[in-house]
Amino acid sequence: MKTSFQSPQQFFRQRRLRLSVVLIILIGIYVTSMALVNFQTWTSIAKIPAGLIWLFHNFIPTERSISYLGPILYQLWRTLLVSISSTIVASLFALIFAILGAKTTTPSPVFRIVIRFGASLLRNIPVVAWAMILLFSFKQSDFTGFLALFFMTLGYLTRAFTETIEDLDAEKLQALQAVGANYFQCVFCGVLPEAASTLTSWVLYMIENNLRDATLVGLLTGTGVGFLFDYYFKSFRYDAAGLIVLLIAILVILLELTSTQIRRAIA
Amino acid sequence: MIENSQPKPKTIQPVAPQTKHVSLVTRPRKILRGVLAGLAIITIYSLATLNNGNLVFADAFKSLGVNLNAMFLHPGVGQDTFGQLLRALVTSVSLAMLTTLLGAVIAFFIAVGAARNLAPSWLATTIKAVMAFIRAIPTILWVLIYSVVMGLGASAAVVGLTFHSVAYLVKAYSESIEETSQDTIEALKASGVGFWPIVFQAILPSIVPALLSWTFIRFEINFANAVAVGAAAGADDIGYFLFMAGSFYFNFHEVGLIVYLLLAVAIVLELVSMKLRGHYLKHN
Amino acid sequence: MLKVIQLDKTYGSNKHSLKNVNFTAQPGEVTAIIGPSGAGKTTILRSINQLIRDDSGQILLDGQDIRQANKAGLRKIRHHIGMIFQNYNLISPLTALENVLHGRLGAKSTVAGMLGLYSNEEKTEALELLDEVGLKEYAYQRCDQLSGGQQQRVGIARALMQHPKMILCDEPIASLDPKSTKIVMDILRRLAKDKQLIILINLHQVDIAMEYADHVVGINSGAIVFEGATKTVDDDVLQKIYRQTDDAKTVVSANEN
Amino acid sequence: GCASGTSTSSSSNSSASKGKAITVVFYPNESAKSFAGSRDALKKSIEKATGKTVKLQTTTDYNVAIQAISSGKAQLAYMGANGYIQAHKLSKDVVPFAAQSDGEGTLKKATYNSYLMVQQKDAKKYEENGKYSIKNIKGKKMSYVSNSSTSGFLVPTAEITREFKVKDSDKDKLTQSGQFFSKVLYGGSHQGSAVNLIKGDADVAAFDDADLMPYLKVTKGSWDKVGSTFTVKDDAEAPFSSLKGKSVVNIAMMPVQQGPWVYNTKALTKDDQEKIAKEFTSQSFADNEKIFSKPGAKTPMMFPKKTNKTKLVKVTDKWYAPTHKLVGY
Amino acid sequence: MLKVIQLDKTYGSNKHSLKNVNFTAQPGEVTAIIGPSGAGKTTILRSINQLIRDDSGQILLDGQDIRQANKAGLRKIRHHIGMIFQNYNLISPLTALENVLHGRLGAKSTVAGMLGLYSNEEKTEALELLDEVGLKEYAYQRCDQLSGGQQQRVGIARALMQHPKMILCDEPIASLDPKSTKIVMDILRRLAKDKQLIILINLHQVDIAMEYADHVVGINSGAIVFEGATKTVDDDVLQKIYRQTDDAKTVVSANEN
């Protein structure tokens, strides 16, 4: 037991001190950063509404943009397919890596370090670098878009899956061990069912996320709805670009609703 | 002690079998299988119809190897000096810091309104829909908007990037808030405690670890975003050097070096976040 | 004195959960509400501090009708009614001391409450209350590191911190082992006597009710079927309270079995 | 000429947009690091001319630069011809005042070249009666620079539209795979588009001369003649380092007007406008070796001189009528 | 018969958690291990099925030393030792039936186990076992929707599914309310008698041990301080078992209070 007897006043003073130190550090970081990049918080915040007005003024789809609906919907469909397939393929690999890399299930700590580092690498390679790595070798095609999404998703899902598995109660797995189950049985009968619903949530979330990232990947690969956005955006057809944003938003919200439904149904 | 009636379970899906065949499949399981099968079919279909641009895979992977070799095994500063790159890196980190801190504070207050266990359902739904919409707007567009309204520079980049931060964190935070048990909230309500004291005294302490880990994830994303589009607003960050090295000079060596710098930041970040999380979970 | 008069409550449209409930509870006494699962015990308690609101009837605490209070008034009244839960419902990452201090939040201004600014007197009092329930050494321990019985005692201290006239306990010992049960029930009984509190306890265990209560209210299918001193409870009465009705049969509850 | 109302608006302008600082925004091309010296020199001469502090803004996105000048958040910009037309459409206050002259110091031939190129080994397929034509490019794999480029997109598509008599409503078909062309690629830069061609990912590629001069040398004909052959230099750097000795032929050549220096008349005082225009078109400005590199100089500055007579000369919106026509407004 | 001989276990470098532990447990009997918190009860149980491995001594189950078994042999032995935990440790999103079937994993090939391919006989048997512990209707319920007592009974059925010679129970009733406690302990006692199993239970509650155990092992600070029939346990013996040692004093445990 904690037997260090303090008065509550002392305790609260200590707690307040700790909180203040944290706050001061955070404010310090903020102010330093502000100075470093010459950012003016208040004048900037004051401009927020003006930006939104500008957005609505320029990006509201007009009648003309309806004529672009055909190609937009087709590309949106292709993009959806690519986001789904890249997420699914990535999640298969991520699952294997996560099982090999999670603290509770790793066969060796070496795997753990290698996988953690590898996932971090994939997550932190910037899009421009992906563009160079992939475009030069794989040219501009759906496939390149698929690869780019695949690698980025792999990085994120490996981390998410690893943490999900590590959050599981280790004792439950021991219970299976005690039954005489071997490693693979423990994983398949214990880890997977226990983590299934969280893992599914992550997969569904990643599909949604990849759809949004399609704009970035589209720039990179000249395909999908992201390319169209870039095309309309750069040729100053803001209404059409706005239509794309609107459609992506609607699709994302639909996906979110569907995934909530699915998660509820499989719980 | 007096025996109460044995309660009957609400759901007994397959009828308790008299026959030899016993099925393990329950309805949720069937749905799960259906969903997985559906996703598998979509995946196979889209992989089959994927336009691979008549790629010769052997060549592609060979060239990939060459490029990766140039990037990662022979990194170099190109035309810039290491000092310039470091200065730009600091700018990028600062951008990420600002957007994360600003985003986190704003997002927490909005998240309170977006959590179904605190706010009325219509408000929560509206906020969540608006946030989903904000997230669907590409980052570059936000940066464009604010460089028009505020002029070019870091301020536009920060404000533009903060929008995504807020939208993302509102979702994450509000879900964390929704996970705090309704009972504990009710316990305070029952003793006459008002709304905001409950938020700060009951909910906030309960979700600190979750908030921490979401905020750090977002920091990582903000850093990536700052690198990706900060340069478009003329923020003079590492993204500018990366863009020039990548899209103008095709200097694989410099891109490799910049990637290493970015990774270094990411690793430091990961270590800090692990330490903090561990510290919080253990210390208290 | 708490006086419940003709309390009625209907969930949804058809189901009558409380039908014309009348009973009284005296300061200085432990009043136990017993009855089968789904009888409406929880509903009564939650109506009393108006966590459930759309009911009808009167709930008089020292003559004042709780149901008539406006929002601010209700907050004030609630502040004087402590509540104790089966699952303790403490804020787990916080220390026992902080959880006890939460009992004061209802009396504070919004800002002071948000920031958790407590006076020195309050802090000292919280520590004394923890001492009173035998947890002085645990004051700076995180609540999720305490055992169930200890957490429940923190819950009691939190309720006491409200300077309550009345404490409502919804199955406070259902999750506790026998030893903790005894400790907690002893404390509650002592508080009733020493501080002249009205203590209202929902219980499943008849033996505990018999041992600790002064006054027993029996409820079945939303209706009071017995009210009287504990010593007047006999097997016939219990039979009547725990009689199987069609209503009661259909109720499923995770608490039981 | 200049947009009307310029002089009247100067007095009514808010002080905010006409503060002490002048912001100069550059296109991604001119944001290149190698031009840092040129940008600094520009800054100095503007500061000298106006006595105000100058802020340089590099960008990596055309749209951002165009929006910045047309919204008046930037006072001065150096842009491409197409970009100028877009900015001028967004705001009539964006007015050109100077552009790089031809070798004679005039505006007559103040153009650079945009090409449609094919690989040398395929060049025969595009010959018709001993002359090159673009009749056969339909259905091929096409590579552009990016859809905001003047010379790498706008001018080539205009040429194709003219040659094939593409209807206005079908113009978008030139820009997407599987319609007019079997495949459409975007190189992201002029070099990228050239690489697409030389590596064989595209059959036809559009790009300009200025950006490729460091990498290609003329092996037959000249930079100003259709049907010339260009070969990758032996000392070419990445991304051409693995493509040494490969040759391409230009089957079409289109003149592109030099991009203008513009100011936003709402955001800059009349006085400053005049001072800057005067400074930019002065001979001393053209003699600044940090800004104008000598003919054939190894490290090109922002404005490479063709001859010693090259300088900045005064232009007006009228001069850009041809590009206005290409863009359609 | 289980015979533990000179079992020794040191965590880390200096701390002796088990010192020369000797005792026997007979089939058909319930053997209770009691002792203060931190005495080493859990350590003993986990050593027996070698979830804790770096110990010394002998653990003879029907004459075979468990500690000598190689990896495959250990899996086979473990398959015949059921284990029941304080927190049930069921795979919560799976149905009760599937959790019971997990008891067969140790007897299956890797692939069949991974894919969860069970024969109809196994499934029928699992249902029968659930029936035996009174949970037939809950077979297709997710485990996290069951009450604690019900989950513990699923745990027992899972152990039975292993066709065990022995069941190890680590504080199986610590999280249960009194009624569930009775149901679970009754089942365990019945199993010992009916199926002639060796049942070894770690217990904190002396009264439960007195009521249900045939044989009691008392442990304090890692050493056996008593072993004998339940009826020979008297206050002196309890005094000895629960004596405060310096070691025991420093132990922190959430169970105690």
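Read from first to last, the chains carry the letters A, B, C, D and E; within each, the first residue is number 1.
We adopt the following convention: contacts are C-beta pairs under 8 Å (C-beta built on N, C-alpha and C of every residue); 3 or more make two chains touch, one makes a residue touch a chain.
Keep in mind the model is a prediction, meaning the values are calculated, not measured.
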| item | value |
| --- | --- |
| Chain of greatest Cα-centre distance to chain E | D |
| Result of counting contacting C-beta pairs for A-C and A-E, higher pair | A-E |
| Centre distance in Å when chain C and chain E are each reduced to the mean of their C-alpha atoms | 37 |
| For chain A paired with chain D, centre-to-centre distance based on mean C-alpha positions, whole Å | 38 |
| Centre-to-centre distance between chain B and chain A (centres being mean Cα positions), rounded to whole Å | 4 |
| Interface hub residues of chain E, defined as touching at least two other chains | 98, 116, 178-179 |
| Multi-chain contact sites of chain B, meaning residues that touch two or more partners | 1, 8-9, 51, 53, 140, 148-150, 153, 239, 243, 247, 250, 252 |
| Per-residue multi-chain contacts in chain D, two or more chains | 63, 188, 201, 239 |
| Residues of chain B that touch chain D when the two form their complex | 51, 53, 66, 79-80, 140, 143-144, 147-153, 229, 231-234, 236, 239-241, 243-244, 247-252 |
| Chain A residues within the chain C interface of the complex | 1-4, 6-9, 11-12 |
| Contact footprint of chain A on chain B as seen in their complex | 28-29, 31-32, 35, 39-40, 42-43, 45-47, 49-53, 55, 60-61, 63-64, 67-68, 71, 90-91, 93-95, 97-98, 101-102, 129, 132-133, 135-141, 145-146, 148-150, 153-155, 158-159, 220, 224, 227-228, 235, 237, 239, 242-243, 246-247, 250, 252, 255, 258-259, 262-263, 266-267, 270 |
| List of chain E residues in touch with chain B within their complex | 95, 97-98, 101, 116, 118, 120, 123-124, 126-127, 136-141, 178-179 |
| Complex interface listing, chain B residues touching chain E | 1, 8-9, 11-14, 16-17, 20-22, 24, 26 |
